[in-house]
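Have a look at the structure below, then the notes.
To keep things simple, chains are lettered A, B, C, D and E as they appear, and every chain counts its residues starting from 1.
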Amino acid sequence: MPTFTLIHFQFLCWAALWTVGLSAIAFVGGGIVGFGVALARISSTRWVRILATAYIQVVQGTPLLILLFLFYFGIAIVGFKEVPAIFAAGLGLTIYSSGFLAEIWRGCIESVPKTQWEAAECLSLSSWQRLTRVILPQAMRIATAPTVGFLVQIVKNTSLASVVGFVELSQAGKLVNNSIFEPFTIFMVVAAIYFVLCYPLSTWSRSLERKLNVGRR
Amino acid sequence: MTYQFDFAALLPYWREFAMGVWLTLQLSFVATVLGFVLGTLCAIGRSDGAPWVKALVACYVEVIRNTPLLVQIFIIYFGIATLGLHVDANVAAVLALVVNVGAYTSEIVRAGLESIHKSQLEAAECLGLSRPQTYWHVIVRPAIERVYPALTSQYVLLMLASSITSQISAEELTAVANRIQSDTFRSFETYIVVGVLYLALSFVVRIAFWLFGLVVFVRRRKLGTAL
Amino acid sequence: MSAVVSLTNVEKSFGAVKVLNGVSFEVARGEVAAVIGQSGSGKSTALRCINALETIEGGQIMVCGHAVHDPKLDKKTLRRDVGIVFQSYNLFPHLTAEQNIMLAPTCVKGIGKAAARDLAREVLARVGLEAKADHFPEQLSGGQQQRVAIARSLAMQPKLMLFDEVTSALDPQLTGEVLKVMEDLARGGMTMILVTHEMAFARKVASKVIYMHQGTVWETGPGAMLDDPKTPELRAFVGSGL
Amino acid sequence: MSAVVSLTNVEKSFGAVKVLNGVSFEVARGEVAAVIGQSGSGKSTALRCINALETIEGGQIMVCGHAVHDPKLDKKTLRRDVGIVFQSYNLFPHLTAEQNIMLAPTCVKGIGKAAARDLAREVLARVGLEAKADHFPEQLSGGQQQRVAIARSLAMQPKLMLFDEVTSALDPQLTGEVLKVMEDLARGGMTMILVTHEMAFARKVASKVIYMHQGTVWETGPGAMLDDPKTPELRAFVGSGL
Amino acid sequence: DTLDEIKKRNKILIAVDLGSPPFGMTDGNMQPIGSDVESARLFAAELGVPLEIVQVTSPNRIPFLLTGKADMVMASFSVTDERKKVIDFSDPYGVIQIVVAGPKSLAVKDIKDLVGKRLGTTRGSSNDKEATTQAQGAEMVRFDDDATLITALVSGQVNLMASSPQVMQAVNARRPNDPLEVKLVLKTNPYAVGLRKGDDALREAVNKVIAANLKNGKLNEIYTRYNGTSLPEEMLK
């Protein structure tokens, strides 16, 4: 009768590496797409704004589980059969995090006072210069804490990548459970690994927030 | 290979979909109400409780926020059973969701509480209000009004996250979808339909919150401040 | 003794900084005392000590028969007798003017809703704001907010009112509105202590002026004392204040 | 025509409210025009229209040869010729004083870093702040921030400077610092339009005073006109303003 | 077609559910084992191509097959008429019973005794369908995989389960002191390889392999090793 052994623990740790990898992909991809969507969201062109809003609403209003599923098999239906799971999972997670990051960052950009835009405009900076030289440096300070906070959500949500056959930490936990039937031990260990991954991020995000608030006072 | 979509195959299952939507709404509603109460109490405890209360709440919030809901659900569902109690899957699901969303709520509400200026407390104190009266009239209500948009988003996420409770046999929308798709093997169609249903549900939740806000926060309504 | 308020050698520090260094003065029933002095001289702190918002380290404070220095003081009954109005109004933003006023009477005195509403209308009328009962603070100008804050204190029918620079956040016109309300109160016989930078008002309304300097009472006297300062400090202060 | 700025029948509404109702005036090269008037009379709006921060609905605005009313206006070249300074400074908080000043010359004119730094030092010296080049805005007093804001505009070598109540957020001492800089500029021959509440300054420095009332120009004339108002409105305004 | 494609890429992708012991599971070293896994190895060897196992779960095995992420599915896939509408099946290579199992202490004589009991099963499986139609009056409790079902039974969240004897044995292996027993047999289902519709060449090839290996006893040997009983006589002919 098998019990929980070091081998299982190693197996979980390897899977946790995939969790980390998937999170990185989702974060980088979501960051790039999300930035574009955030800009579109505050664009002066009406239909671009509407489109970006719709995108955000749809992404935020659909469970990640369903998003991942539709993406993975949707790509195949469109005709790309050889797409590896990592790509589809990465894409699904990218879309998911871009929707949320775009909304977070839009808020941060808009929290920079309108007078800063005006002052930059009066110095005849182009709109791109206004954004990159004046607004973003200020918005970034505000954005760091919630962004790191959202990173924690991504790490946890990669657990859903199992629906497209990805063996990351949660799926690995289930696999181990299937072979030794000790759900309690296994899920406690899985929870502990997630905690080890996420807690430093949470703490970091909070300390950033505190620093920022002190700076403002 | 081209895939032939056939949504008509799902038509006979409309009753199942409806039941799934209904249970999802019920789970979310109960979890929202209870989670809100738990979260608010925790927020008050953490900002103004005895040291051990603060430590306890901090611990609870950290553990919950840094582990996935799925894992929490398993631990609660099987944990209760190991204690020798039998609870209905829906009850366990609600319990897990409440424990989960309570932690997030407490963080949001705490931010609201901290945003209430100290001078407001002094003003209440000078008018002779007792501590509980001050808390209720001067701190909690305006604090919640201030963080209401953040709370709305959190409870939309809760509704979406309730899909995970299918894993412990709650027959909500995702569970229904999984059953229907293994019945019909019409997986894509099923998931597309379910995706649209969730999207609609999230709008319903948002609108419900908006209406509730209109009723409760008179000032916002009168001043026309967007919620 | 007819003194409504008496401070005797009151001492108070924040950390290492001694802010009140033996402050003594008395205010009799129906008197209007104006506390003046430079920024940082401890005026606000003295006022806050009278209302038990700060605990003192030495000396005695008697207010309407309550021993404020006593650690066993029942703050709740003290505050039924004492109303305070701050520079920053501190109205409750989520309540209308009327609700702001009704809150304490209903919660603390247990008055019924209808009676509290009548009371609110009455005190609002006294500050000339009957028409704004249903407005929220952010719909009111600074002067109107300050008058609502005064009305809120009045609704508790205090025996003593404290005002801490209630006009400094206001522009001259709004200041006028608020000062008028305070003059009416003074005429009505309310005992009042006010911290103010409005020398003209102090001169006109105050029956007693208390000049604080470096945490002590440097000079006291009637309003006329401002025209004939005895100490060089007060002379410098009055000179600069014009 | 030597007019650097000319407004002809300018109209502007916000929603249903007509804020500018046919405003016309001219400012010649080297002239210093002071715009005065009650709060809400449209002074700031007029200034913002000159700089194309607001689009107008009727009338014409010519600024240094640019047709500002023209929808095809090239705002970038207009703004090279026009500098504006606001009441709230609007410095970029993430940049030092020097970097604030260098930003536009390097970005817009493509000047090299070193040259831009020299330029920044030079204009900082003109406003008397050489020593503060490496300070961030929040490390500076209000008056110093306002002077950096002026220097930032000067670095673009505008032909026309607009000032919108640049001293109202400052206490009297800081106001003095800023007014001195503006006086220097005026002496140096800079064309300037300033919205101000400082009547004394307007009298002393302005070669032309424009009194606005209810969205129109009510009276114009030299600084001396303030001592001898023709319209009852200006008389009331000057009377109250003292 | 798919058979050519398999030859061309010199690799066969077989989807196996590693969450349903003893058909598919992992051993102490987290390597895939089970009767479906070994059968898959056998089939690949017979077809002369290397094997790649694609891990699936019961909800996603059909999409995997239909979108071409797997060439065929071997996941104790019971043959039903409804399923035949969407995919094709090979000839059966094994059988699976649907039983109701529970602890000795619980008396269940026939289907009516299930009324009011909490009966666990895996969502969307043929067990689910069979139990739902036969055991009217029982409270159905559905889980996503066998492991969760077993955990629920062991921890007392359900009284009985509608599953296979193989799953029951897996439970008994974990809890020798309070073994489960088969209370009722609801149905015996043959299971087969799932294939995309129209993949006739591949189906022929697979059928040939199945026929040959049923005859020479290799499939029965694998089945017996993992299930403890032999395949029914009529299949082996």
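Keep in mind that, in the parts below, contacts are C-beta pairs under 8 Å (C-beta built on N, C-alpha and C of every residue); 3 or more make two chains touch, one makes a residue touch a chain.
The structure presented is a predicted model; accordingly, all values stated were derived computationally and were not measured.
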Touching both chain A and chain D (chains): none
Rounded Å distance between chain A and chain C, as computed from the means of their C-alpha atoms: 54
Between chain B and chain A, distance of the C-alpha-averaged centres to the nearest whole Å: 20
Centre distance in Å when chain B and chain E are each reduced to the mean of their C-alpha atoms: 37
Interchain centroid distance [CA atoms averaged], chain B/chain C, Å: 46
Sequence positions of chain E contacting 2 or more other chains: 59-60, 63, 66-68, 148, 151
Junction residues of chain B, two or more chains touched: 1, 3, 78, 82, 187-188
Every chain pair meeting the contact rule: A-B, A-D, A-E, B-C, B-E
Touching residues (chain side chain A, partner chain E) in the complex: 1-2, 5, 7-8, 11, 69, 72-73, 76-77, 81, 162-165, 167, 174-179, 181, 183
Chain B to chain E touching residues, read off their complex: 1, 3, 77-78, 81-82, 84, 86, 89, 166-169, 171, 175, 178-179, 181-188
Residue ranges of chain B touching chain C (in the complex, touch as defined): 119-120, 122-130, 133, 137-138, 141-142, 145, 217, 219, 222-223
Residues of chain D touching chain A in the complex: 51, 53, 75-80, 82-84, 86, 88, 90-95, 103-104, 107-108, 152-153, 156
Footprint of chain D on chain A - complex, ascending: 115-116, 118-126, 129, 133-134, 137-138, 141
